[in-house]
Amino acid sequence: MEEYPPIIVRLAINRIDLNLIKNENVQPRIYTPGEEISSQPDFLRGHGTYVDDENTLRASVAGVLEKVNKLISIRPLKARYQGEIGDVIVGRITEVQQKRWKVDTNSKLDSVLLLSSVNLPGGELRRRSAEDEQTMRRYLQEGDLICAEVQSTFVDGSLSLHTRVLKYGKLSQGIMLKVSPALIKRKKTHFHNLESGASLILGNNGYIWIGANKQDSDRSEGGFTQDLSRIPQINREVCARLRNCILILAQCNIQLTDTSVTYAYEESMKYKINELLEPEIMIDVSLLTHQRLIQQ
Amino acid sequence: MAETVLSSGEKIFILHGIDADFRNDGRRRCEYRSMEIETKLMPQTHGSARLHIGNTDILVGIKVELDIPHADKPNEGKLEFFVDCSATATPAFEGKGGDDLATEISNVLIAAYQTRNAFDLKTLCILPHKKCWKIYVDVLILQCGGNLFDAVGIAVKAALNSTEIPKITAATLDGGEPDIELSDDCIQLDTSNYPIIITLCKIGDNYIVDPTLEEEVCSTSSIVMSVLPNGKISSVVKLGCGSIQFNTFTKMLQMGEIIGLKLNKTLMDVLKEENQFGRQRRIFGFLK
Amino acid sequence: MPVDQRRINGPEVSVPYHIYSDFNKKSDKVKHDFSKRSDKRIDSEIRKIFLKTGIVSQAKGSAYIEMGNTKVVCSVFDPRELSNKNGYCMQGEIYCEFKFAPFSCQKRKIHQQNAEEKQYSLILQRALEPAVCLHEFPNFQVDVYVMVLDNAGSSLAAAIMAASTALANAGVPMFGLVTASTIGIYGNHYLMDPTDTEEAICNTQPDNEDDFNHGIITLASLPQHNQISEVFLIGSIDTNTIKQATEILTAANKDICPVLQQCLVKTIMKLHNEKK
């Protein structure tokens, strides 16, 4: 007879607060919508603010104040992704249109990936024929995941993406996670091949990709041919552990970088992978990771 | 259900993982996520419960009212289930979007509690033909993150377990008119044989319990069964558009029964533990 | 389904008079004689099936089934395009509507679908979905309407078979035919294809007996592929009994399949002869 693992039912009264890690510094001043920021007239109105009839500057979002010379803006604490040119993002195709794909990138509007800004099989300088247009769904279809770079932004704030560098393209087997974009800082590189054997893409838009294969980082042909073979158990375990670690960090509001993820991964080694879903263990791992990050 | 699409790469990864008895979050096929439960948290109800499992969040409120028995069942009370898939959970439930799912869930609940072995409606009768209790079970889905049926089943059972019905001190017929007197004391329902709902989700050639939203997308068919604490099965229904082989079906039933019994026992133990905190227990409700 | 709000459904509070007139007799009715069934069948015997296609001339495909006194009509209409609210759909859909005629049961049914009928509609849909090649008509919907004219038990199983025959008759591509049967369980008795009175008995638990199996199982399967397409169980039964019962039901479904096949062949032959 197969043995079944125990089922754990908890009580709300025994609930554990996951927000244990407090900032030692003073709490930052947080503005709420409608709150007065300044009544002096010598300011430049930035994002997240408005000027009322009496010429006072007021916040329009909840967030912290950011001041650059005379420009005052409020950075919201929780927002959808605001794209900037050059950002690395992970996105999911939502629609196939004429000459373009619509991509969900966690921003306010769906982003656009033009047929002309992808590498098609057969070399970089290939002309895009009418035939390519008709077979777009063969390259990327609804639900497919891609990794791309922000090429430009449109007036309405939507993003135009491109995958014309070898490291970008369609993603194969692995796990996609969604976290708050605020947890991911812009860095020199967002592609990490971890020592444990998995590849990690920390998208600026808060979408994170854990790739099961190291080898599939070569996307010279656009990566449209997918490797659907079975992933060895070791790689699978690494992916699952990474997934749980990243979720722990995200839940405890710790910035996600390759170092923090690696630390959390190392600290989690003393637990079984499925134990990482329990609150007590989540706390323990996050505290240990936090300590190591401070010591650094 | 909520709109979730996956790429073929992700699907294959989940599928192979389940084949290897190692799911994306490290769980085994037959492993449940840990859940959190709180009862008696709504002061206006006669009984209530809130259940969290993963991202799924269910709130159940129970109201008890007086009614006249059905003419063809003069000595039975009434038990009714209403499920509301509110648009607060996901925009897909907006308007009539959640109706199908809501009907489905309430049908499963009705079927699960239908047998007298589970819930004896006769205990709700006060005066045959004249007066009976009617129990309204209102299920509100606040957040939907996979495995709705199981979560609703557990929450309903916990809520019924916490329900208190006023005690009747005297019930007489006064010139053909029913006359009843209530006391301040309350009685509890006999929940010893209430069912638990277990969903077995078939993915590839295997079947799993407690699927996440992503895993549900990969599955074409699943079996929803309700297990009574005495080991009987009070309802079985297949969902999804796929079919199941006969051998797989019987294996799924067996696994469902074992897990159902286990879940039942754990749940009752925990509810007993919560009950021991007494009336002074701090209510968490919606505060984190 | 559009609900006609203006139709007067009659007072909801009316009750069939049986419950008063039979009240004294009812007590001995519960003591059902299990040694022989009312229609002289043995426990494992199903009622005779009469099946006919093309009963509704305006429908694309239709079927009429009679199992004992249970009579069901089903019609299938031309596929129609799905409204484009959720974007393009790679697969087709089946929409089923199950309805008891107002006079089909002991208690009069109102015109609107009640909860039970809605549930049966969903079961019917799920029983048929695995059998239909949905990928062959993307973004289209096939409507299946089932009307029970007379309910003398096992009407859901009859409806599933009628619908499957009607779909085949309408020329909808299918992986195989769907057959269904019902079994009533009462203690040690396994009543195949129960009548409505037997269904009512199987649905109630006798007093003071906790460890007692009772219930009804309806099983739809694709006998040509050995697949179960839908199960619907209600009652209180242990797993071993369910296993035995489903075995009996799958065997029965296999036996019924030739009836459907013959009926379809007969329709084609008739068409062929007419052309000559």
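Going by the order they are written in, the chains are A, B and C; count residues from 1 in each one.
To be clear about the criterion, a contact is a pair of C-beta atoms (placed from the backbone, for glycine too) under 8 Å apart; a residue touches a chain by one contact, two chains touch by 3 or more.
Please read all numbers here as calculations on a predicted model, not as lab measurements.
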item: If a chain touches subunit A and subunit C alike, it appears here; value: B
item: Innermost chain, where centres are averages of C-alpha coordinates; value: B
item: Whole-Å gap separating subunit A and subunit C, where each centre is the average of the chain's CA atoms; value: 50
item: Whole-Å separation of chain centres (CA-atom averages), subunit A against subunit B; value: 35
item: Approximate Å spacing (C-alpha centroids) for the pair subunit B, subunit C; value: 27
item: Multi-partner residues of subunit A (each touching 2 or more other chains); value: none
item: Contacting residues of subunit C [partner subunit B, same complex]; value: 15-16, 19, 115, 118-119, 122-123, 126, 129-131, 134, 203-205, 210-215, 217, 221-222, 225-239, 242-243, 246-247, 250
item: Touching residues (chain side subunit A, partner subunit B) in the complex; value: 2, 4-13, 15, 17, 92, 94, 142-145, 171-176, 212, 226, 228, 230-231, 233, 236-237, 239-241, 243-244, 272-274, 276-278
item: Partner subunit C, residues of subunit B touching it in the complex; value: 71-72, 100, 103-104, 106-107, 110-111, 114-118, 193, 221, 223, 225, 228, 230-246, 249-250, 253-254, 257
item: Residues on subunit B engaged by subunit A in the complex (per definition of touch); value: 5-10, 12-13, 16-17, 20, 22-28, 30-38, 41, 50, 258-259, 262-263, 266-267, 270, 273-274, 277, 281-282, 284, 288
